[in-house]
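Have a look at this one before I ask anything.
A, B, C, D, E and F are the chain letters, set down in written order, and residue numbers restart from 1 in every chain.
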Amino acid sequence: MPQLDFDVITLGHGSGGILTSKLLAAGVFDLLKNPLLDTHHDGAVFELSGPLAFSTDSYVISPIFFPGGNIGELAVNGTVNDLAMCGAVPKYLSLSFIIEEGLPMSEFWEILVAIKFAAERAGVSIVTGDTKVVEKGKGDKIFINTSGIGQVHPQAKISTTYIQPGDKLIVSGYVATHGIAIMSVREGLDFETDLVSDTVNLNHAVKSLLDEFGSAIHLLRDPTRGGVATVLNEIARDCSLGIDIMQEQIPVLDDVAGACELLGLDPLYVANEGIFLALVAADVADQVLTKLRETDVGKQAAIIGEVVPEHPAQVVLTSRIGGKRVVNMLVGEQLPRIC
Amino acid sequence: MKFLTEYRDPEVVESYVGELHKITTRPWTIMEVCGGQTHSLVKNGLLDLLPENVRMVHGPGCPVCVTPVHLIDKAVYLAEEKGVIMCSFGDMIRVPGSRKSLLEAKAGGADVRILYSPLEAVKIAQQHPDREVVFFAVGFETTAPANALSVVHAQRLGLTNYSILASHVLVPPAIDAVMNDEDVRIQGFLAAGHVCTIMGISEYYGLVEKHKIPMVVTGFEPVDLLQGILMTVRQLEAGRATLENQYSRVVPAEGNPEAQRVIQQVFEVTDREWRGIGTIPHSGLEVRPELAAFDANRKFSVSIPKVPECVDCIAGQVLKGIKKPYECSQFGKKCTPENPLGAPMVSSEGACAAYFHFSGVGL
Amino acid sequence: MCLAIPGKIKSIDYQYNGAVKMAKILFGGITKEASLEMVPHAEIGDYVLVHVGVAISVVNEEEAQKTFRYLEEIGELDELVEASQIDRHDGPGLDQ
Amino acid sequence: MPQLDFDVITLGHGSGGILTSKLLAAGVFDLLKNPLLDTHHDGAVFELSGPLAFSTDSYVISPIFFPGGNIGELAVNGTVNDLAMCGAVPKYLSLSFIIEEGLPMSEFWEILVAIKFAAERAGVSIVTGDTKVVEKGKGDKIFINTSGIGQVHPQAKISTTYIQPGDKLIVSGYVATHGIAIMSVREGLDFETDLVSDTVNLNHAVKSLLDEFGSAIHLLRDPTRGGVATVLNEIARDCSLGIDIMQEQIPVLDDVAGACELLGLDPLYVANEGIFLALVAADVADQVLTKLRETDVGKQAAIIGEVVPEHPAQVVLTSRIGGKRVVNMLVGEQLPRIC
Amino acid sequence: MKFLTEYRDPEVVESYVGELHKITTRPWTIMEVCGGQTHSLVKNGLLDLLPENVRMVHGPGCPVCVTPVHLIDKAVYLAEEKGVIMCSFGDMIRVPGSRKSLLEAKAGGADVRILYSPLEAVKIAQQHPDREVVFFAVGFETTAPANALSVVHAQRLGLTNYSILASHVLVPPAIDAVMNDEDVRIQGFLAAGHVCTIMGISEYYGLVEKHKIPMVVTGFEPVDLLQGILMTVRQLEAGRATLENQYSRVVPAEGNPEAQRVIQQVFEVTDREWRGIGTIPHSGLEVRPELAAFDANRKFSVSIPKVPECVDCIAGQVLKGIKKPYECSQFGKKCTPENPLGAPMVSSEGACAAYFHFSGVGL
Amino acid sequence: MCLAIPGKIKSIDYQYNGAVKMAKILFGGITKEASLEMVPHAEIGDYVLVHVGVAISVVNEEEAQKTFRYLEEIGELDELVEASQIDRHDGPGLDQ
C-alpha cells in the first residue's frame, strides 16, 4: 500500500481536486496501470472492431468483504461474466467508485488489489474510471460500477431464438454458494461455515466451449440475483418454450443445503456468482459437459434439465421424490422464514 | 442431513404412495393444519403424487398470515412514530397492514430488522441501551418458548429497553373453530407436529371425540406427510376416528415440560382475533400482567383506528378450507405475492402464496 | 408453521454466568448457536430439533425408525386382524 | 407514467426477481426502447469499428432535482460530453441505477423521462443497464452510472501531446453556472435565484468543430468537478507548458458572481456542466470561436487564455486589475467561507 | 455589483498604484491584520503590483485559524460523543484539532453541518426538538452580533436544545500583543474594516499613540486596499502616525450601536488563548453566566486533555508577521492545505494557505 | 476575516410575531435573506453590508464617492500645505 496522507476517504477525495488527483495517482493509476488507462478522467481511446458486446453492473454488496472475496473482484468478475454470457471475449472495463466518507484507506486499497488481480485473471484491461465520495450515511462503504466491452466470439450464436426443444440445460457448478456465503455473515442471521463465495471469472471456460462447440451453444446466462429459478423463467418466457429441471441433478454443497434448511430458503432462488447456465444442442450436451468439467470453474458441472415443447414459458421441477411443480420467478427479496 | 434425508427417500416415498393408492377407495378431504406442511406438500410436488381421491385442504396454520391487521399497524406505528428498533422474522415483515407492511415502513426509513431468533433481539437491546427494541413475537405454540425465553433473558440481563409485541395463537381452539363452521367439509386432520412437540398430544383427544374425526400428528418431510395421510385415510376407510402420532421421533405424548413451564411463566391464555377468521375464544397468548414492562402492548400507548379487512379477499374461507385459493376472484389477478390483498398470499406458507408459487397460476 | 430442523450438538457452553445452556449445533456442515434451555438433558452428539434459535426436542432415534417399518407392520397387522379402535392411552397410533 | 403497483421503490425492485422484471418491463424498457436494448440483463451486442472511445461516470448529485434539470439528464449529458471530449461521436450508453429504498416511483419516472430525452437530443442509444436497490440510509435517493462508447471522429487528433505554446484557450460558455445553481438549493446555504443548471450535451457542437477544424483542435475538456482551475492545472501538468488566463475574459453570469461573492467561492473552482474548454491552434482560434458561437451551446464562448512556454505546469491568472497570481488545483471540497 | 465593481476598476487601480510607486522612497513593512484582506491581496494579484519597497505582512486576523486546538477537540467531542448536531461555517470545519477536524468527524459519521449563518442553526434546533444543536461560534467582532443574535432568537423561541460553543476573539488586544513582541518589525497597520463597522474606531487611538504607528481602517476591494496602503505609506513617508479611516462608506466612527448592544447582552470580555500565539488578556468574548443555558461550554461537561501544538509549525511567528509562510521548514512539504499542520494553512484566509493557493509554492 | 458584501434591500418582512425585522437582499441577481435587527433604520432600496446572514451596516453613498476623489484631493492638499498631524476628533483622516 502506498503512503497516503489520509487514513480514511473524505469528501475531498471525490471533489475532483488535488486530493482526488493524489488518490488516483498514488493508488488507482499506479496499481491498475496499462497503456490505455485514461489518466485524465474523460475517457479511453482504443482500436476494436465489432461485433461487440457491452454490459454494465453496479455492485452494492454488504458486507464488502465476505468469505472468499470482496466487492472488488466481484465487480470485475460480474461484468466479465456478463460479457462472456453474450458470447464475447471481454477486453476493456470501466471502473467507477461511489465511496462513503470514512472508508478506511486500507480497505479501499485491498479492494483495488483484488480488482487488479481479478482483471489480470480475466485478461481484461481497466481503461477508464471515476471516483465519487458521498457523505457518511448516504452510501454504504463502497459501491462499484463496472462496464465492459468485449468482442463477440466469431463462432458464437447466442440468443434465445436458437433454443429448441430437446436442448439440454447445463449448470457449470454448485448452486447458491455465493448467496449463502454472504448470508453467513449478515447481522441477525449469521452462522458458522467454511463456505466461501465462488466468485470467479467464467470467460476462459466459456471461450473454450465456444471454440469447440460454436453455434451448438444456444444460450448462456449467469444466474446472479434472483437465482437459477428467475433466470430460467426469463429464458422460458423469452423463447416461449418450457424448461424441465430435475432437483436430484442440481449440485448443491452440503453447507448450502444445511443453511437453506435452517433459514427456510430455496437454493433455486439464492444469488450466485461464478457459475453459469448453458442451453446446448442435445447431440453435443455430453461432450460439452466433459469439456466443461475439464476447466477450473466447471468441475461440478451437471446436466440439470432440458427444454420441452410443453408448458411454454414455464419452468417445471421434478422433485427428488418424483413430484412435479412449477418453479416461479422470485418475488421480492428472499427472506428467512419462521415457518 | 440425518433425520431429514432419509425421509425424502424416493423409494420409501414410492412405497407409501403405492399403499395410499391401493387403499383409497372413495374421495376424502383432509386438512393439513400447518402452513409448514402446506409448504412441504407443494414444494416437493407431493400433491402431484397423491390419489385423485385424496384432496388436501390447507389450514390456518401460518402464524404470520393470521396476525391481525391492527397488530401489524401497531408494529408499523411503533417503528415509524416511536422510533423503536422493530425486529421480527423475515416472513412477518412482508405482511401488509392496513396502510403498509413493516418492509414498506423500512423502505420509508424505519429501523426494522430481520432476525433468525428472538434471542438475537435481546442482544440488540443490549447493544443499544439508548433505544427501545421490540420483537414482534408472532407464532403458534412452537414459537412461544423462544419468545418467552427472550423475555426471561432480558429480565435476567436487567434490560429495560426490551419488549415483545405478542401475537400468539393456539392450534386446538382453531381446529375446533374450523370444525364448528357448518360449511366446512373436512373429514380428517393432519395435526401440526412441531406444535405438539411443545404441547404434547393430549389436547387433541377432546377434538377427535367431539367432531368424530381422525387426526394424525404429522411431521414435515415427504415420507412423514405421506405416512400421516396414509394413517388418516386408513382410519377413514375403516370408519375409525382416533388420534395417532406419526411424528413420534420428536413428539412425545406429554410434549416438552420445560417449554410448557416457560410459556406459563411469561404468557397467559386470552381470546384472540385471527386475521380472516375472527375472534376465537381462548385461542391466544398474551404477556402476563406482572411482566408488563416487557409487553409492548402495555409499554407503549398506541391508539390506532381498527380498519376493516379487504372485502374481495376470501381468506377466511381459504383458511377454513371451504374454498381453494384459485376459487378467489382476486387470486393471481389483483392479489399476487408482490402485492398481496390478504394474509394467505403473503408468507410462502400462506395457502394462496403456496399455490401461486409452486403450482403456477392456472395449473 | 414453525420451521424446525434437526441438528447435531457439537459443543455446549454456558452463558449469563452459567445460567443459560447454549450449544453449537451442526446442520449439514454449517454451525449455528441455539439455546438448550428447553432440552436440559441434551448431550453432545444428540440430535435436537431447533426452531428460531431454541432446541425444542431431542430426536428419538428409536422412534425415528418406525416410519420405515410401518408399511411392513400394517401389512402384517392387516393379515392378522382387522384393526380395532386404538384406545386413548397406549395404542400403537400413539406410541410408534 | 405507467400504472405500477407500488408508490415507492422497495428492496424487492432490486432483487432481480419479478418486481425488478416488472419495473423494467413497464418502465425502463418501454420508455427507452430501441432495437439494441438488452432486455435480459447480460449485455448488448452491436457492430462498431474503431478507433473507439470509452468513458464512465457515476452521478451522486444532491438534490437529484435541481433548477434546470435532474440527475437523469446530467448522467446522460455527462458521459456523452466525456466522449465528445475524447473527440468521439457518442453512440451507445449503459445505464445503471443504485436506488435507495423509498424513492417515489413518480420521481424515478421523471428521471427516466429526462434520460430518454437527453439520449434523444444527444443521438445516443441506451443499450444495456442495471438496477440495484439499497436499504434506506445506505444510499441517497438515486445514484446513476452511465458508461458510453463512441467512435472517434476521423479528423480528430486530441491529445495533450499536440498542445503548443501559442494555442488559444476557449471556453464554450458561462463558467460556474451549474455548481452555483445546485448550491442555491442546498440546506443551510440556499438562496433565491433564477439560475438554472446549464447541463446539456456538447457532442453536436464538438462534432461541428471537428468537422471543420480537425487536428487544429488540440485538446477538449469539460471542467466538471474541481472546476476550470483544476482542469487547467491537469492540462498544464500533462503537457509541461504554462497556461495564462485573463480573469476579465472569463464569462460569468451576474447571479453566479453574486453567489460567489456571498459565499466566498471562486468561480474557477466551482463545478460546471454544459461547457467545455478547447485548446486550439492560434491561427484558427478566431474562426473556431465564430463557429462555436453559432452553435446552441456556444453563444457565450470566449477566448480566455493561451498556452505559454513560461512557468511550465502552472496556470497563471491575470486579474481584472492587472495583477498576476498562480491558480492552483482545488484542495478538498469548496466550502463556503465566513471570512 | 454596486459598491463592489467600482472598487475593482483597473483604471482607478492603476492611478493608485502609480501614486504609491511615486511616493514610496524607502522600504516599509505594513501588516494587514485581517485575513480577508490577505485573501483579497493575493487573489487579485495586488502583491504583484505594489512597489518592491512596500512589504505586506499577513496578520492574525483569521478567526478560524486562531481558534485553539482544544476548542476544536471539544467541538469534535460534542459531535462524536454527545451526538449533537454540530454546526459551523465551511472554513471552520476543516481546521485540524489534535486528533481530527470536524470534517473528519463528519467523515466518521458525526452530524456536522455547514451553514451560511448561525441563524440557520436556530432553525435546525427548532426542526429537531429531540436533538441538541450546537453552533461553533467562531469569529472576530464582526461575527459576534450574528452569533449573539442566534442566542437571542433561540431564547425568544423558548428553545432549550440550542447553544453556542463560543470562540470569539477581539482585534485591538491582538494588535497590541503583536506590537509588544520585540521581534516584530511592523511599521504600519491596515485595521480591519468590518471589525470597525461593528466597534467603531475609537479603540485604535490608544494603540496608535502607544506604539507610535500609523493605522488605517481599510476595506477589502483592490482599490480599498491600495488606498489604505497609500494612506499608510503617506504617513510613514511623512513621519506621521495617526488613525485614518479609508472605509468610511461602511465604518462610522462610532461603529454600530445596535450590534454593540446585542454583543453586550450575550457576551462578556475574557482572557483568550489564540492558536499559535498564546493567551492574550481581555482578547475574547464568552457567553454571560446568566445565559449559561445557551453556552455549550457550560451546558456540556467535557474534560479533554490539552495537547501541545505542533513543534515544527511556526504559526505564531507567521501570525505576528515575524516570518513569512515560505520561511517555515514545513511549508508546502509536510504542511499543505490538504493536510495542514498548523492553523494558517487551513482556511484560505490563513496566511500560509493564501500563499500556497495564490502564489504557488516557490513563486 | 469577516466576509461581508453589500446588497440591496428588495423587501422587508417581520418574523417571530413582528419581533424580528428580516429582509430579502439582492446580490448581483441572487436574493438571500438577512436580519435587519442591527440596522433598524434600513429601508427598501438601501444597500446594506451583510455578514453571515446579518446586515451590519448601511452603506453610505456619499462616503463611498470619496475614494474616487482622494487622489485629486491629496494632490491639491500637497500643493497647498505640508499636511500636519490630523487630530483625534475631526481630522480629514477620520471623516473622509
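As a working rule, a contact is a pair of C-beta atoms (placed from the backbone, for glycine too) under 8 Å apart; a residue touches a chain by one contact, two chains touch by 3 or more.
Labels paired with UniProt names: A, D = Hydrogenase expression/formation protein HypE; B, E = Hydrogenase formation protein HypD; C, F = HypC/HybG/HupF family hydrogenase formation chaperone.
This structure is a prediction, so every number in the text was calculated from the model and none was measured.
The minimum number of touch steps linking chain B to chain C comes to 1. The chains that touch both chain B and chain D are A.
Chain centres were defined as the mean of their Cα atoms; on that basis the chain farthest from chain A turns out to be F. Chains A-D form the pair joined by the most contacting C-beta pairs.
With centres defined by CA atoms alone, the chain at the far end from chain B is F.
One simple way to say how far apart two chains are is to compare their mean CA positions; for chain A and chain E this gives 55 Å. With centres defined as mean CA coordinates, chain F is found 89 Å away from chain C.
Each chain gets a centre from the mean of its Cα atoms; for chain E and chain F, those two points are 20 Å apart.
One inter-chain figure worth recording: chain C and chain E are separated by 77 Å, centre to centre, where each centre is the mean of the chain's CA atoms. Residue positions 10-12, 18-19, 135, 137, 254, 257-258, 261, 264, 328, 331-332, 337-339 of chain D are each in touch with at least two other chains.
Counting partner chains per residue, chain E shows two or more touched chains at residues 1, 4, 34-36, 62-63, 89, 103, 116, 120, 139, 143, 338, 349.
Shared interface positions of chain C, defined as residues touching 2 or more other chains, are 1-3, 5, 27-28, 32, 52.
Pairwise chain contacts in this structure: A-B, A-C, A-D, A-E, B-C, B-D, D-E, D-F, E-F. Chain A makes touch with chain C in their complex at residues 184, 191-195, 253-255, 257-259, 261-262, 264, 337-339. Partner chain C is touched in their complex by these residues of chain B: 1-4, 6-7, 12, 15-16, 19, 34-36, 61-63, 89, 116-120, 139-140, 142-143, 145-146, 149, 153, 156-157, 192, 194-195, 197-198, 201, 205, 216, 223-224, 227, 231, 234, 238, 240, 242-246, 248-253, 256, 258-259, 262, 349. Chain contact summary for the complex, chain C toward chain B: residues 1-6, 8, 16, 19-20, 27-28, 32, 35, 37-40, 47, 49, 51-54, 56-57, 59-61, 63-64, 66-68, 70-71, 74, 82-83, 85-86, 88, 91, 93-96. Against chain D, in their complex, chain E makes its touches with residues 1, 4, 8-10, 13-14, 34-36, 39, 42-49, 62-64, 87, 89-94, 103, 113-116, 120, 124, 138-139, 143, 222, 336-338, 347-349, 356-360, 363. Residues 187-189, 254, 257-258, 261, 263-264, 266, 314, 317-328, 331-332, 335-339 of chain A are the ones touching chain B in the complex.
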